[in-house]
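First the structure, in the form of structure tokens, and then the observations on it.
As written, the chain order gives the labels A, B and C, with residue 1 at the start of each chain.
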């Protein structure tokens, strides 16, 4: 399972590196989202860091939707799916691999957007840095959940429009936990209470994916 | 047909997807180490029959056993591991090179990486090994698909319209390779628009129409 | 025999208990000392919420799990899960509406970012997503598998959502029927009306579920008849 997971994650990341979609499309979209968030707050609120954690996670959710779609699209045509299906890969390994690749991409994007939040939304650097453990786990949970919802929405009618409908309700607790812990970090408070929610979600999604991904791939 | 027990046994096999019967009652047997060509007009059910044989779609009604795996109750993932698929559309990751695609398959199947160079040589793609799959021509992509199958060495080869948009040289290359594969002990099922015009191969030809076998020259 | 009798009595019994609940709730029980007539929502809102959050969603989740388990994988389980989820949405909507009616005079707004209200709304979104997922997949097997997986994911999410939203913000009135020590606060006819309402709305759920299930069976029969027709037509293509 771990061998297949690393193989699939390596393949997904190599394809991302080669295609540059993350670099030229997803990252600029995230930065644009952050800038527009500042504009949406109005001139008096734009530089206020209190709204920054929520805005950061809201933009991350939108970015994650793009990435999840992308993660499914690279599996490509029916022919590619068929060829891969005949390799008979362990579905739990495939799930873990795709989740890991998605998490790595989310971590990279998250790092850029956190820098953007310091720059544009004036969050304190020390507070932002102390939020990192919570951001890492929350985005990891987002990656695991995203792989599962991507597989659920793929192949049917309108997968790109179905994905937000399926995943956003489930992202709500992650948004809450992420925002609260980031806010707590900015106030030099404890992030751990909220970090636990992200951690529980991460473990739950990993367990669900390992158990159920095979059912989604049955035919 | 040889006396060995059939590798494919379908009786009144029906496949329905989204309420449409792709196959409407196919009854056929195929012997091991045989070459079968499935022909018919567009929408006759050729690709669906190949997909059913590969465990890639489920049997809705009827009876079917392929390589000892019951298509209704058996482990289809196990069956999929034993078949190789070559589609007329792309069969790999477009952004990865020919060699990277094969490396992925070799690592997934725990085959020696050294075999990659051998199969690339065999299909005549040695000089295009680092070219991304999306930059290969239709014929080269088909050859890459064959390299993938040579690396996998499946028991059953399912080739969906492999001759489409191939020139004469490409067709001859395919004929030779299929002949070698059957001689090597594999079962090969090929779908094609028209019966095979091959000098070297003498396949059994099934004709499909309306999801049924309407002609069998074997 | 007993099963048939129970099925036949389910509808009339539900109606009688609902009428009894409304009669007791609106005319017989006294107004509350503090909340006055507003407290009469107690005979509808908690019972509807109980059905929405536990009975109906629970039924859908358990049926989905049974569908995924190979030994019990049957169309019946998929149908129960689907129908329970649809009926659950009705109860979720009524829960939110009655909660909102109670909230307006109490909190001064129709919608408050209260933990239970928010988590109920999120659960409702899950259920809408479940129905959207079903509509997006034509193939019955694929649809059943994906829906069942989604229902299980939603069920696992329920406690995560509950705790996150609860910690986030809670304004909701705590359990009204008991004190913190577990002693009963509601007595006499008010308590009886509360229990009857719980029973009545639970029965209403099963009655609606049964009606919806029968409709689905009819729909499936029609679908299977259309499959036979499609199969015959396809075979004719091959013969001619």
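Keep in mind that, in the parts below, a residue touches a chain if its C-beta (ideal position, glycine included) is under 8 Å from a C-beta of that chain, and two chains touch if they have at least 3 such contacts.
This structure is a prediction, so every number in the text was calculated from the model and none was measured.
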Chain contact graph, described as a line, ring, star, complete graph or other shape: complete
Chain pair, B-C or A-B, that carries the greater number of C-beta contacts: A-B
Chain centre separation (chain A, chain C; CA means) in Å: 31
Rounded Å distance, chain B centre to chain C centre (Cα mean): 49
Euclidean distance of C-alpha centroids - chain A vs chain B, Å: 37
Sequence positions of chain B contacting 2 or more other chains: 58
Numbers and ranges of chain A residues touching at least 2 other chains: 218-219
Chain C: positions in contact with at least two other chains: 138, 141
Complex contacts: residues of chain B adjacent to chain A: 51, 54-58, 76-78, 80-81, 83-85, 87-96, 100, 104-105, 107-109, 132, 145, 148, 152, 154
Touching residues on chain B, where the partner in the complex is chain C: 14, 16-21, 24-25, 58, 208-212, 214
Complex interface listing, chain A residues touching chain C: 148, 152-153, 155-159, 162, 165-166, 168-170, 172-173, 176-177, 180, 193-194, 197, 200-201, 204, 208, 212, 215-216, 218-219
Residues of chain C touching chain A in the complex: 68, 122, 125-126, 128-129, 132-133, 135-138, 141-142, 145-146, 148-150, 152-154, 156-157, 160-161, 163-165, 167-168
Partner chain B, residues of chain C touching it in the complex: 138-139, 141, 223, 226-227, 230-231, 234-239
